[in-house]
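Down below is the structure, laid out as structure tokens.
Letters A, B, C and D name the chains as they come in the text, with residue numbers starting at 1 for each one.
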Amino acid sequence: MGVVIEQELGTVHGDEMILNIGPQHPSTHGVLRLKVHTDGEIITQITPYIGYLHRCFEKHCENLTYEQSIPYTDRCDYIGSMNNNFGYAVAVEQLMETKVPEKVEYMRVIVAEMNRIASHLLALGTFGLDVGAFTPFLYCFRDRERILDLFEMLCGARLLYNYIWIGGVSHDFPVGWVEKTYEFLDYFEPKINEYNDLLTYNKIFIERSADVGVIPADVAISYGVTGPNLRGSGVRWDLRKDDPYGIYDRFEFDIPIGTGAMGSVGDCWDRYYVRVRELEECVKIIRQALDALPRDGDVHAALPKKIRPKAGHVYSRTESPRGDLGYYIASDGSDIPSRIKMRSPAFTALSCLNEISRGWMISDVIAILGSLDIVLGEIDR
Amino acid sequence: MSGQLIIFWIVTLVTVLSAATVVFSKNLIYSAVALLFTLLGVAGLYVFLWADFIAVTQILIYVGGILVLIIFGIMLTHRITSVRLSHSSMQRGIGGAIVLMIFVGLTSMIFRAPWYRVAAVEPQETVRQIGRLLMVDYLLPFEVASVLLLAALMGAALLSRKVN
Amino acid sequence: MVDYFLETFSEITWLASSPNLSFVLAVTLAGLPIFLFMALNALIAVYAERKISAFMQDRLGPMGQGVGLHAGKWGILQTVADAVKLITKEDIIPATADRKLFIIAPFILFTASFTAFAAFPFNEYLVAADFNIGLFYILAMGSVGVIGIILAGYSSNNKWSLYGAMRSAAQIVSYEIPAGLSLLSVIMLSGSLAFRDIVAAQTGTTLAILPNWFILDNPFTFIAFWIFFVAGVAEVNRTPFDLPEAESELVAGWMTEYSGMRWSFFFLAEYANMFIVAGVASLLFLGGWLSPIPGYLEGNLWGIFWFISKVSFLIFVMMWFRWTFPRLRTDQLMRLCWKFFLPASFVTIIGVGIWDLFVR
Amino acid sequence: MDFAGIIGIINAKFGEGFASIDEEVSADTVRLTPEQWGQLAPFLRKTPELFFDAMMCITGIDEGVESENLAVSYNLHSMKHNHKLEIYVSMPKSDPKVPSVEQIWRVADWFEREVYDMFGIEFEGHRDLRRILLPSDWDGFPLRKDYEFPETWHGIVINKMKEGWE
């Protein structure tokens, strides 16, 4: 191993120091290693090393039937598992040309948006933690806990749900769940202002995040940065509106984008604030979906007896909390997929790290990394 | 021997031994740390001379300021800590002779000098006197010195700036 | 207190015959309470910090239930349990560390805050050693501690420690200047460096009912108080100035390689330094041991009570800072010091002079 | 723009029959050889009417043990015009080489490294083609269908998958 490491070090200039951030570090959001060349505290180059959490998701999928892969998708992005299930189910349904019942469509939107709130709360909290604010993190966790409780009531699991199946969902909403969700929304909406008061408009927080780590719109598109990170750069692009899947075209909601209110468009503060604004939009969508939710209907009605799509392939993408979550599924006509590729949004977001953080300081890199909201389980798969 | 004398000897011993370590240590950072104890010891000696203000100033400026800068400089200089300091000298004979002469000269002077002896009185309020001297009697030299230091500071800032 | 003990011993016949023994005894008797006080201060402050942070974050903090191996009711014994854990922990020195410096570093830091306590008055009489330049002495001792931090960072032979030590040295050396300068305004008004005189100058009332504390004396001392307090928070490396140990960036900064007993010395020193900063601020600006209602509730024991209350309040404010604010960046920290605090502290000096000459 | 329109523009530039539609794989997929892809990629990015500025995904595919072919599938998207295109480039397993588009779409940097890591497809012109997910001293390319699982790695015995687990 010694030899390998020596080769990796490459050329070091006189005044430069090489700093290994990770694989074990408090704010790499998982097992990520950043090889950082620094001149004093200024970063001259960053090379991310990933793969510490590689669990052979794609190889596993080649040995499992279509429905057996769903729990594996949970484990990729363990912060937004519902959205991963959703994306996978949508992709396979597209391949099989299945039509799912109306009620299931609404249920999927509700749980996916709830999970988006949970995921964004984690992202906001940990970003605060990365710039040194401890308390907002626990406030976010307090509210995220309520969502996890609701999910536990729904399917028994708190993180890895295996809830959305191909052609349906695993359980109908339990008795009282809808009412509890309404209660949660009433409780949650005023809390968003609490985060704003505590962190968003804090002078030090703005100093630390405004104008830092700017991703210009063209760089963001070229690097395949998607989701809130792309919207933070001022690009109004959301798959739920621009390329709707499921029944998202039926809902009224806005797409918040970064405006450079505190610094320039595409800085860390914009990315952070887009997520805050999206919390409000998620609440809007959930309210509409709950109001329109059909009372009866069998959630298992459209579950296929045998999943055996005809030969061919499909690339389908959905809007996960982190951005475009794509599944490329190739079928050879058997009940085992010949290839499943997951295009994870955090993977592409991380790839632009070197481009946007050169010239900033070590503290800023931690802030930039936090604002990109990466999940290593999804990057390494 | 009174308690104060014991403490005096302890302070003197610490000062001399750590000063020797500063000179003889082969590791630069050890020398710097030994310098810390030397400076503290000298501050202790000032206290025995009833110069409490000077003693505390010694700690504040030399330990808190200059020594920190020295250690900072050692840490920031590339690989200076691994440099082995050598003490080999070319002119041992002549050097030794000169040192011996100085030693004999100083010692004989200490023993022969007619020391001005007064009864030990505890001076009160040294701070007030120092303040008066600096701000009233010697105000002009004090201000000139500060202007000189300011010029030196600006020169240093100018020299150390990277020219791009 | 040393003098008091010496006087007492001179009346005891078997001690009076041996001045050496009585001197050593007097110094030990005066020093031991300081050590105990530092330990007690850390115990209480850690518990308070946990509970305060917990209540600010919608949690309960350490809670013990029932009897047995739990940490007492409301987790009161939590810090005791922590202390036992730290003492019994394995003592680890990294193989590549510079052993001698690694061992000596915590003691330098600890000794610096320990000796600073020597000149610290809790009321008019309760002080280990009464200097007539007490304030200056405490400032000087505070500046020695930074050497311990630098050595800890250097000797660990760890890049995080090195970064932490460099940040810490730069930060403490810089913030010493506005902190010291802002104290000058009070020294100008009281005309002394002895705490006894400084506090004595604050007796009486101002504007009929308010206590005649220096913070209320004129607008410039009011500003000076805040400069000193904020710079003091920076000097003890607490949030929002906790860059040297910034856990999200530098793992644990200069303390990364320390554990067990050695680490707990850093810990003791940190809480002792918090006490020193809060104490100096309350002695110089908040009337020290004077009662907030002039003329009432005065006396020696009340003095200790008032002093501890003022210090505790300021320590609480520091904890409040910590659980509310994010952390600054190195350059922002330096900018704040050199571009805002330093000029502002000069303004307070000139302003107090003008106020004293013309307005009063 | 719809799929036929895109094909029309491409064929107008490179000659009729350049982009062949493969109904068997998928209705809106263009099948190309590696050389053709090298010519087409900058055109797709630059032409104002097409303007595929976003590379959504690059997928490596092993077409199966029998076919002796590897393939790379590129999913392109235009943020401006909101149209999509899939390019399917296949090559023989004996000489898997494709021109790199890393300098056209920066996101392709890591995607191509991943495909190289898993399939051993060489992207010619890539400036930093290293393994990305696997350790740099790993042997073989695990997502190929004929990949043999190693028995040990650096002296660590790898447990075989238990019989009867499906």
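Assume contacts are C-beta pairs under 8 Å (C-beta built on N, C-alpha and C of every residue); 3 or more make two chains touch, one makes a residue touch a chain.
Predicted, not measured: the structure shown is a model, and the values here were computed from it.
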**Message:** Report the chain whose CA-based centre is farthest from the CA-based centre of subunit B.
**Reply:** D
**Message:** Measuring centre to centre with CA averages, how many angstrom lie between subunit B and subunit D?
**Reply:** 71
**Prompt:** What whole-number Å value describes the gap between the mean CA coordinates of subunit A and subunit B?
**Reply:** 61
**Message:** Measuring centre to centre with CA averages, how many angstrom lie between subunit C and subunit D?
**Reply:** 63
**Message:** Can you compute the centre-to-centre distance for subunit B and subunit C, using the mean CA position of each chain? Integer Å is fine.
**Reply:** 28
**Prompt:** Should the pattern of chain-chain touching be classed as line, ring, star, complete or other?
**Reply:** line
**Complete:** A full list of chain pairs that touch reads A-C, A-D, B-C
**Complete:** Counting only contacts in the complex, subunit A reaches subunit C at residues 17, 19, 25-27, 41, 128-135, 138-139, 142, 198-199, 202, 204-205, 207-208, 361-364, 366
**Fill in**
Residue positions on subunit A within touch of subunit D in the complex are 1, 4, 7-8, 50-51, 54, 56, 58-59, 62-63, 218-219, 221-224, 235, 237, 242-243, 311-315, 317, 324, 326, 328, 330, 332, 338-339, 341, 343, 347-348, 351-352, 355, 380-381
**Prompt:** For subunit B, which residues count as touching subunit C in their complex?
**Reply:** 1-4, 6, 29-30, 33, 36, 40, 52-53, 56-57, 59-60, 63-65, 67-69, 71-72, 75-76, 125, 127
**Request:** Sort out for me which residues of subunit D touch subunit A in the complex.
**Result:** 24-26, 29, 53-57, 59-62, 64, 73, 75, 79, 82, 86, 105-107, 109-110, 118, 131-137, 142-143, 154, 166
**Asked** Which residues, counting only subunit C, touch subunit B once they are in their complex?
**Response** 19-20, 23-24, 98, 100-101, 104, 108, 131-133, 136-137, 139-144, 146-147, 150-151, 154, 162, 165-166, 169-170, 173, 176, 192-193
